[in-house]
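These are the structures, in structure tokens.
One chain, chain A, appears in both complexes that follow, with chain B as partner in the first and chain C in the second.
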Partner chain A sequence: MKQTLITIALCLLALGVADASEPATIVVIVNPASGIDKLSRDEVIDIFLGRYRKLPSGRTALPIDMANPNADRARFYQLLVNKNPTEISSYWARLVFSGKTSPPFQVPDAETAVELVQSNPNAIAYVDRAALNPGVKVVLEIKP
Partner chain B sequence: MKSSPDNPQPGRRSRFAAFVPRSIVARTSLSILLLAVVMGLMFSAIESWRIRVAEHDRLLARVHELVGTVESTVSIACFLNDATLAKEIAGGLLKNRIVAGVRITAGATTLFASERVSPVAGRRGAFDTVGTPVYSPFDPKSEVGRITLYVSHAEIEAQAAAYARYSVGILSLQMAIVAAAVAFLVYLLVTRPIKGISDELHLLEIRSGMRLTLPSGRRKDEIGQLVGDVNALMARLTDALDSERELRQAQEISERRMRLVVDKADTGILVLDALGTVQSCNPAFMRILGAAARPGALLSNLLAPHGPAVAALIAESYASGEPRDKDLELAASDGRGTIWVELSVNPLGGELLQALVNDITERKHAESAAQELASHDTLTGLLNRRGFDSALAKFLAPSRREIRAALLLIDLDRFKAVNDAYGHEAGDRVLREVARVFERTVRRSDPVGRLGGDEFGILLHGVDNAEKAQEIASTIIAGISQPIDIGAGLKSHIGASIGIAFAGPGTESPAGLLRRADGAMYAAKQAGRGHACVAAPPSSHLSADREDESESNAA
Partner chain C sequence: MKRKSFEEPTRLTRSIALGLLCALGLASRAHSQDLDAPRFSVRGFGTFAATTHDAEGLEFRRSVDQAKGVDEGQVDFAVDSQAGVQVNLELATHFDAVVQSVTRMHADGNWTPRISQGFVRYSPDEELVFRVGRVGYDIYLLAESRQVGYSYVSLRQPPEFYGIVTNDQVDGGDASITFRVGPGLARARAFGGTSSQESAFIDGTNVENSDRVLGASFDYLYGGWTARVALLRFRFDTNPGFPPLIGALRATFSPQAAAIADNLDHKEYESRAVQLGLAYDDGPLQAQLLFGTSNGDPIVAPEFNKLYALVGYRVRQWTPFVSYATSRDRHPILGTGLPDIPQLAPLEGAVRQIQQSFRSTQHTISAGARFDLSEHVDFKVQIDRMSLGETSLIFDHRLPPGGPASMTVLAASIDFVF
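On to the complex of A and B.
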């Protein structure tokens, strides 16, 4: 409940930062040199939740996550798999000891994520549409 | 308890009976405990079966729950094809003893299959499988794998059985405690008081004032009622016994008095059955009829010459229900003379009759003495005129069929002289001696009478010819003609003249017969005394008689 309230509060904060009139849209971005134009929702889930770490083009995928607490992160997982950040943390916590897969690499903010995507063709990240940069390619828009 | 081969039946029974306790306490307690055991076994069987079924279902449900608890982790393992995670889950599941094996598959790949299952997995009967599809943690519609748990039948059965055993054990224990409690309570509330009452009653003597003690606090229940009723019953019993004893004493006294009366009575008192057998009798009866008169004898035998008459009398009285009596002449029990008894028989009701035997010998003698006085001559003991006339009339009664007899009319010769010369006493001696002569000569049954001073009559029954009559007459004359001692050394010499008349068939009157005999006697005197003359037969029957009569009347 507390976490839900925090989430809502963070969402409202994000909306306040972005365009207030329109709900913020999260976009999945890759390096233009990655060789892919589009990703399906399931492919994004598989990559970010550790099922596959490969892009459809055969390239190893390097998913980039935001560090908690982050409004984009909450929004991303909420829209993608209908889970809050705590649930996602719990999900990864169970996998800590299996060693087969690991949570995505985390960055503190959207700018760092975008920079990483611009510099690494394997990188894949999610950002608020407002933080888009011409140096990256949008492969999936996640709308509410 | 011996059992012999001859009678194995009682032996076997007694051996069996040895196992059945006699005491109500032991029997009741044993019954309750036996019942508890039987019911306990029955309930245990039912309960055991029910528990095993329920436990089986419960364990299977538990397996489903187990699957539920690991569902989210399994979905992650399948989603990620994570064999390590799958192994970890399986390890956790296998810690449950009922889980014999786990198989987790993601699509075509088997993430985990436990070794414990694989060798016997083919044997379907040995395991229950609980399988459920696994969905993606992020998309409940997308199936990412399958988890299957293998549950050992043997394990389930063993656990269910263990639980059932435990439950049945508890149940049995409860049952045993309850049975013991019930047995104890029954002993305390019912059997012990009853045993106490029973023992007390068993040792109780029948006397007035006896009482059973009431167990404390039981006044108002059935035990109290029982004791009260038994006490009331005993009080009534002793009262009845007391009053009966008093009654018996009174009866004894009255009986003794009665017996005294009966014993001291001069009358023979006896009880007979319907056949005339003496049932009981008093001493007087024995005194009268002699030593043979005792219970068991037949009365008709005791009264021997009258046996049939006595039997008839008894039968008649018994049949009619009315008293009957009869006078009987018997030979005296001491063999001297005869006695007369009056027998009267009274029905007592039922099969019995009462008989009274009175010795009436004296009365009879008095009677017969009076009779004799009326019909006999006191001097000679022969019949007097009246007696002889009645004997004659009886003999000549028209109702008699056959009349054959000779009438002898005897007149003494020279008697008047003796009387005159020596006095009446000498005459009387002569007359008595004459009577002895008659008695010596004729049969006892033939009536002999003294008709006048020195005139006698004899009726000889059955004598119908003159020779015989003459012979008898001669004997008489000869007897009388003998010298007769008249005292003081003197002897008289008298004689007799006899007239004989035959009574033949017909209706001649006694007077007619006497007249004819008188005529013949007169003729004998005329012929010179010491003779006997036979009278002519009556000239004709009725007419002659009439004539005779009219003649004599005229004379």
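On to the complex of A and C.
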């Protein structure tokens, strides 16, 4: 019995370790020259959902999205607004065909997103923390 | 009422199209990864739907601008189907242009594509936006078009709410300002211009009226919540057929007929509407509650109250939903009070016909589901149980007196965007 309990405990511990090794949090990044140090979750929602793209610094944000299919994109919107890619697509259809606003600029991968943020002070993107490099600044962490 | 050919593009839309073509040359030189470069996109949408119902002698339409509806037991592919294409061109950081063309059944029965939106947008910063051209205005809570089926949970927008007032764009412009208030965003918008409203009648005729529209809307967005107050005023000119009718009514020396003549005897009529809306769209839950009321010059303008409520909840790829929509005319049809004799019957008939053309007393309980086949395609099925009072939305082929009726409408659709 004691051996069984130890086995179960070890299994649970292993599961916990597995959970801890899940992909790192998604981070929202900007150019270090953007003039902003942090953004709230609501501000990021407003920027990436096309509601309001004025940054606290007064600049106009240029959001950068990942083109589908992309695991980071799916995770970002799931964590941010609890929407799957299909719902985000439906949301943008509503706005785009109303002529209200344009969807974020799309890039194929995180590497390109980071490059664009490094080269443009108004750019804002999201990447897996593992894709970070010293040339960009993190303004929000979005954890599960 | 005047007839007008929609196929002939207006000077405005020609200018917009020419501007887009010129700018396309600039856009084509843009580097694909240059954030500041001009951006050009062509997108499209469509709905292919099959619709049927069970009510003998009645013809179901989704709006009064459809020439033909669905007869009992028939499967129709026209009433709920439509398609469109849109060109977006970003010229510079502050300027962009949009042209959208939609094909669907119109009041004259044809499907000739027409420009549904065509404007140049100027946004000096993220707070102010100005648009000039053909723009949609705020009668929908979350969008400016009812034509993009993929963007909605339900298969069609409620005829009770949108079936009578079918003109959802103006040739003019709008200005909006968005700013932070507390934890959310406030947005105020003013719009104005001319708009055309089509109506098709059971005898196969159709008319197009031109309205001058002025309105404002105020939204507050916080998290998944959107609250809306919208005010609208429509002004429209007299019908060329009215003066002889006015003269004939006055010639009867009946006080009631003379009062109706006085109500008709204006060069211009006015209709006013107020809309209150509340939407919640967060995670898997989507809900909407809309209330609208309108009043205006007696006899020629609708006076009704409308309510629409919808709740949908996503479970994996499925989003089942239920909704309720009601529209009720606040006043009965006014009669002339003239003696019931054959010589005066045409007068009574004409006065009733004017009022019947915008009656909308009916309510519908709907249930259905949306199934997302991919990120750009969905399948929907919807069943509506309609209770019909005096309504111009439905063509009634029953022998008079038709009276109230019930109808069950079943529809399935495929929506797509690209």
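One rule holds in what follows: the second predicted complex is superposed on the first by the 122 of 144 C-alpha atoms of A that agree within 3 Å, B and C clash if a C-alpha of one lies under 4 Å from a C-alpha of the other, contacts with A are read in each partner's own complex, and residues count from 1 in each chain.
Keep this in mind: a residue touches a chain if its C-beta (ideal position, glycine included) is under 8 Å from a C-beta of that chain, and two chains touch if they have at least 3 such contacts.
Predicted, not measured: the structure shown is a model, and the values here were computed from it.
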Based on the superposed arrangement around chain A, label chain B with chain C as either clash or fit. clash
Would you check which partner chain A:137 touches, where first means chain B only, second means chain C only, and both and neither mean what they say? neither
Look at A:98 in the shared chain and tell me whether it touches chain B only, chain C only, both, or neither; answer first, second, both or neither. both
Once chain A of both complexes is superposed, is A:116 in touch with chain B (first), chain C (second), both, or neither? second
Could you tell me if A:83 is touching chain B, chain C, both of them or neither one (first, second, both, neither)? both
For A:53, is the partner it touches chain B (first), chain C (second), both, or none of the two (neither)? second
For A:129 in the superposed arrangement: first (chain B), second (chain C), both or neither? neither
Which partner, chain B or chain C, touches the larger number of chain A residues? C
Which chain A residues are contacted by chain C in one complex and by chain B in the other? 42, 51, 81-83, 91, 94-95, 97-100
Contact footprint of chain C on chain A as seen in their complex: 42, 46, 51-54, 60-62, 64, 68, 81-87, 89-91, 93-100, 102, 105, 107, 112, 116, 120, 122-123
Chain B residues touching chain A in their complex are 73, 76, 79-85, 88, 137-139
Note which residues of chain A are touching chain B in the complex, please. 42, 45, 49-51, 80-83, 91, 94-95, 97-101
Using the touch definition up top, name the residues of chain C that touch chain A in the complex. 33, 35-36, 39, 43, 45, 84, 86, 88, 90, 93, 96, 98, 100, 117, 119, 121, 125-127, 131, 135-136, 142-145, 147-148, 150-152, 178, 180, 183-185, 221, 223-224, 281-284, 314, 317, 372, 374-376, 378, 417
